[in-house]
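Working notes, structure below.
Order of writing sets the labels: A, B, C, D and E. Residues in every chain begin at 1.
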Amino acid sequence: MLKGTNITKRFGGLVALSEVDFEVQRKEIVGLIGPNGSGKTTLFNVISGLFKPESGQITFEGAPINGLPPHKIARMGIGRTFQIVRPLMDLSLIQNVAIAVMYGRQDINTLQPALERASELLKFTSLNDKAHILPGQLALEDRKRLEVARALASKPEIILLDEVFAGLNQKEIEGAIELTFRIRDEFGVTVFMIEHVMKAIMGTCSRVMALHNGIKIADGDPESVANDPKVIRAYLGAGYAGR
Amino acid sequence: MGSVYALLGIGFSLSWGVMKVINISHAAFGLIAAFLAYTLLQAWGLDPILSIAVSVPLLFFAACFIYRFLITPITQAKEVIVSSMILTFGIAIILENLMLLIWSPDPRVLTTSYTSKVIIVGPFYFQYPRLAGFLMASMGVGIIQFFLKLTYTGKAVRAAWQQPDAAQLYGVNLKRISMITFGLAVASAGAGGVCMAYLYSFEPHTHSLWLIYLFLVVIVGGVGNVLGAASAGLIIGVITGLSLAFLPYQWVNLLTFGLLMIILILRPQGLFQSEV
Amino acid sequence: HPAYAEDKPIVIGGSLPLTGKFAETAKWIEKGMKFWADEVNAKGGILGRKVEFIIYDDESDAKKAVTFAEKAITVDKVDLLFGGYPGTAARAVMPVAEKHKYVYVSMGGHMKSFQQGYTYSFGGPPLMGEWWYEGFFQYMKAMPADQRPKRAAVYTMNNPIGASASSTLAGWLQKLGIEMVINEKYNLPLPDATPLIVKSKQMNTDILFSNGFFADGVMTLRAAKALDYRPKVIVQAIGSVIPAWVKELGKDGDYIFSGTALHNKLNYPGNDKLNAYIKKKFGLPGYPVYFGFGYAWMQTLSQGVEGAKSLDQTKIRDWLKSNTVNNIAGPMSFDEKGLPAPINFCTQIINGQVELIWPKEVRTAEPVYPRPAWK
Amino acid sequence: MVSSSNRLVFGVSILLFLCLAIFPWFGLPVYFVSLLFTVFMFVTLATSWNLIGGYAGYLSFGHVAFFGIGAYTTALMMKGLHLSPFWTILSSIPAGFVAMLIAMIVGYPCLRLRGPYFAVVTLCFAFVVDLGIKNLDILGGPEGLWLKSPDLPIETIRAILFEAMLVTMMLSIMLAYWTSRSKFGAGLRAIKEDEEVAQTMAINAPRLKIQAFALSAFFPGMAGGIYAYYLTYIHTDIVFDMMISILIVLMALFGGGGTVMGPVIGAVLLTLINEGLSTFVKAEFARIIYGCLFIGVIIFLPNGIMEFFKKEHRVESGISLAENGGNRSAA
Amino acid sequence: MLAVNDLEVHYQELRALRGVSLEVTQADLVALIGSNGAGKTTLLNTISGLIPAVKGQVSWRGNSILGFSADAICQEGIIQVPEGRKLFSKMTVGENLEMGAYLPTARAYIAENLQMVFDIFPRLAERRKQLAGSLSGGEQQMVAVARAIMARPQLLMLDEPSLGLAPVMAADIFQVVEDLNQRGITILLISQEVLHTLTIATYAYVLENGKVTLDGTAQHLLDDPRIKESYLGL
């Protein structure tokens, strides 16, 4: 459903993405890995319209979306979270989510139903007991879950998750893996996720892509990617022992 | 004219870019220095440039005092920019009317032995006061730029206001640094005010006029960008200069504002990337 | 009227720009008014009643001048309204005075204000832009044609005062055979006067009209000195009439021609007294123009009251329209617009003194012409 | 709970409106009518400004332009079409639309700028309009325009204008109230917080901003039209006075930006206090006290006067998007 | 050398820390683990002087430092790598590192330390002139750790330094932490990578709901069934 070909993005002299191709099928959970600074977040920014790529074509359900403004892309059904979380600081959690609901793709345009819907989403992300506090008072992981709730609020077809597992311990990761599956199964949302936590990648993804210096170095099922020598050298490290 | 507005504007830019304080009273402080220069010139014949030695420290301490007791309470506000604007608007009103009480509303002019000297280079005429203003402004800009970019305290200033917590964690005394910054900003306004007084007549109300121009200079140059403000000052000066030469004078001010508008629209971040 | 004598004082209300842009001038007007009141009260008041002021500060904002005029009229129920300053405020207050039927003696600004059909407004005396250079041109006209300047540069600030001052220039210049080589307007604030002077110099103009306020006037003059531009005459509109001109510019301020509607050396009753007061109180050689205005407007108003023997505004108006008033600017009788006959004094600053040089009968010093070189 | 509090607000407003509406007919001195008229005008201006400045966070320093444009549109229509004075009040409605149209045109490029850059570009815009009119003689030029006032007693004229301004003010407050609880307002607040994030939430930020800007220009345009008629003498120095721009911003923020009542409270307080001060105290001291007022209030209520009432709001903030939440903690 | 005693910290009504006690001895590498929201960051910030405590004691080399301002605590040699990095995003990488060495004591060794930092993170040498805010997440984390090293800490407190790092980088960071400890720097490490943390740590505390629920040598905790159950997911 989401397809990109030949995407190149430069920052001054730095080539952040170099002729990257990717494809995500409906109802898939696809992982995106790669060393720090390899261009993963940049790719998400390009997809969601925050950056304009120098070249390449992105299509969503067959329709080209590159060059469209971010709100149109969001409107078409591509939701996202931010790696460096960006909650609307002066609004409570439920308000954060309710605004996204109202502007989202379901037909909720008034406040009351939006708040109700927001409340459900917060429950889904286990934030319901904090619905009325401001995001400034949240611990980091809660903020990440808020990002997820807000992205889901606009009823996307596909959600781009940027490192929402970061900072969880092994036990908590299990909970998050479950959440990812529920996002797909209960909401019917396709997931495209950036992650460094290999356990999460291995546990959820049907397919994994790896970037290195803006170049795609691997793409395939999790096992083969994890055993790809290029990936091990650039990303996992020799000492990687299936943590 | 440009460079002088730049000198006046730097401090404004500094407290805005670095501390998120829009100091509406900035020009009023500059005006106080101008009045001091005037008084010292009249009373003891002190050269206005030397008067800076008196007014700059004076303003520095006054500003530290104001920072400590008036600005500190509002640094906790949701939007410091907004709150600071209201607060300093109040300060500006008070200063203006104190000046009215002390110096009366009569307009003043700084007249020195070199006021009416001129240097002619080809088709260009440079009046001495303008040159003096230019030199002083360049020096001021240089000093402040040097301070921010190359001294540790200057870097700490920038750091402190980007990430106050982290700066503290690395040993920056936030309160002191902010106070110094604000003090410096206002003190530079003093130097700028004296330069302005070389060029223009002034009365207690004049600061609001200066304020609008320095607002322009600062934004066009990029908030928090010292060199930007200086260049923007020059650019505005050149625009006025050139259009004065080629257009009916009536349209000069309009053209200046119109061009600034266009520049801003074309370069949404100001002419120069904002920094700090 | 013994019954009156026991009465409450006559209250005179209105607003002046005591703070803000126009504060400098307004303070002098206020002083003039107060001096008048002290003098009147010492003599037992008007109609046997003492006078008293309510002066609001309109912060140099014409909008506020309007509300304060209404406040004075309807809340304080003042007996008399005093005149306003500057021109824009006076213009905005005139319709209010008209609607409330209050006599309003002010500077008025210029002819257009008096062409709106207001019957209660008087320029007594007015600061009439259209008449400003009348005296100067009369003086020029009396000069042998070959001695007159030949080429004029005219720079005018783009506001009502500038517009009115320059409105009669073209006609006069033509009549005198002076070519108007440059005729430019500029908006305030004037960023830099150097280009103006460079141009005047390049075009070989020998008379410079600088129709501006103080700030731009000073810049123009300084640029002229810096570039050693030596016209035969420099004529200034408003900028040179305030005391700061002489005080701040010293020698450089000399030899400027200008106009006026009243003058401290005029031989009309009252001027000596005012000068003596000013000298004693402020150490100035003669009273400043705006001090005189404040005083003269009150004189006009009070003569109207005394003439009508009543505080009835319509009676005062009618009396003023049909009788002659004697104030420090001379005798004046008002036409249906509320204006006296054109006033045409010309002044020149000589040795730091504002001297009257035209009409010839009132001349206090010989004009310096052509202008000597800069010192 | 929400609907009952809604009904209460509605009832109180109607009552207040009626009380105000009959005010000028009691034969009180005209000054009070004029003073309230001015208060209404500033409430209208500050409330309208709040749409773009308070909710969307785009500090426009050029709002006086819309006021002035409204005034000039009305005046020119009256002169050009030889409208009888009574039509003038109605002609303030097209004046509002002209202001709105111009806001859309200049808003399009200007709203791409953020923060201070937007503030300055609007400031420049106001100067450009001001100077443009000053330089064009067909628009009155440096002389200004005189309007005819009808042959009615001053009390009646003032009362009519009072009612017109009152209605304008009520409409602008209603718009603000609606905004505060609508999807529109919520979108604006998201834009204020983080425009990029708002866009990824499918909020069409460019369009919303233009809408807010245009709406925020409409009522100032109307107010300008009515004011033109109140003053009968229009000059750029009066209706494009930069001080109005600054005052509007200060009033809104002083009361509390992004709230419905903040700009109202700010405008009422500042107008009345300033007027009162000039009455009782020597000019310079009056101004100094006025200055101290700003300092005093902002030190104790750094987020505006509305903060004072926030205790109650905190409880409610969960169920309504209407008002701001609490202090931002260190992020 | 650092002793925390019965520390209690509140955010308005929320009791984030309810009587925490722990001790860090010279040259140790002490780990602090706990699920999310347990109060780990709060504890570090309190020690660093960013947050006031309601009651309790923090003593450093025997002297109480509770109530000191953050910069004063920094002068004592207690340096934190804050959660979320908190870089000076509009300054260059190089300037960020210099800011780490802001205190005169550290400034004297600036060249030497810079060399060390670039040895550890060669990538930062490349990016020296880039604005820190435009770095990728992982690169930013490197800058944050590097900045702390520049301060010549005696006690280095790291708040989830491996957050958002590629596995190879995370391993490197742990290696760096171990190295620094070997060079004699005392370390207090918060991390969610419990297994890895406990393998390099000497001693560990478990924080839950604002209380220390378990402590012991790292080896000891690794074998504890409760840890296995709730942190290692085994």
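Keep in mind that, in the parts below, a contact is a pair of C-beta atoms (placed from the backbone, for glycine too) under 8 Å apart; a residue touches a chain by one contact, two chains touch by 3 or more.
Keep in mind that this is a model prediction, so the values were computed, not measured.
Touching chain A and chain B at once are the following chains: D, E. Between chain C and chain E, the least number of touch steps comes to 2.
Averaging Cα atoms per chain gives one point for each, and the point farthest from that of chain B is the centre of A. Comparing chain pairs B-D and B-C by the number of C-beta pairs in contact, the larger count belongs to B-D. Among the remaining chains, the Cα-based centre furthest from that of chain E is the centre of C. A separation of 42 Å divides the Cα centre of chain B from that of chain E.
With each centre defined as the average position of its C-alpha atoms, the distance from chain C to chain D rounds to 37 Å.
With each centre defined as the average position of its C-alpha atoms, the distance from chain A to chain E rounds to 28 Å.
Counting only residues that touch two or more partner chains, chain A has 90, 137. Not a single residue in chain E touches at least two other chains. Within chain C, the positions touching two or more other chains are listed as 19, 158, 185, 187. Interfaces, counted as pairs of touching chains, are A-D, A-E, B-C, B-D, B-E, C-D. Listing the residues of chain A that touch chain E in their complex gives 11, 33-38, 41, 83-84, 137, 139-142, 163, 166-174, 196, 198, 234-237, 239-240, 243.
Considering their complex, residues 48-50, 69-72, 74-75, 79-80, 82, 86, 88-92, 94-95, 98-100, 102-105, 109-112, 115, 131-132, 134-137, 150-151, 153-154 of chain A touch chain D. Residues of chain B touching chain C in their complex: 1, 96-97, 100, 104-109, 111, 115-118, 125, 127-128, 199-201, 203-205, 209, 240-241, 244-245, 248-250, 252-254, 256. By the touch criterion stated above, chain D contacts chain A in their complex at residues 2, 181-183, 186-187, 189-190, 193-194, 196-206, 317-321, 324-326, 328-331. Those residues of chain C that touch chain D in the complex are listed here as 18-19, 56-59, 61-64, 66-68, 70-71, 73-75, 77, 88, 91-92, 94-95, 99-100, 112, 116, 158-160, 162-163, 185, 187.
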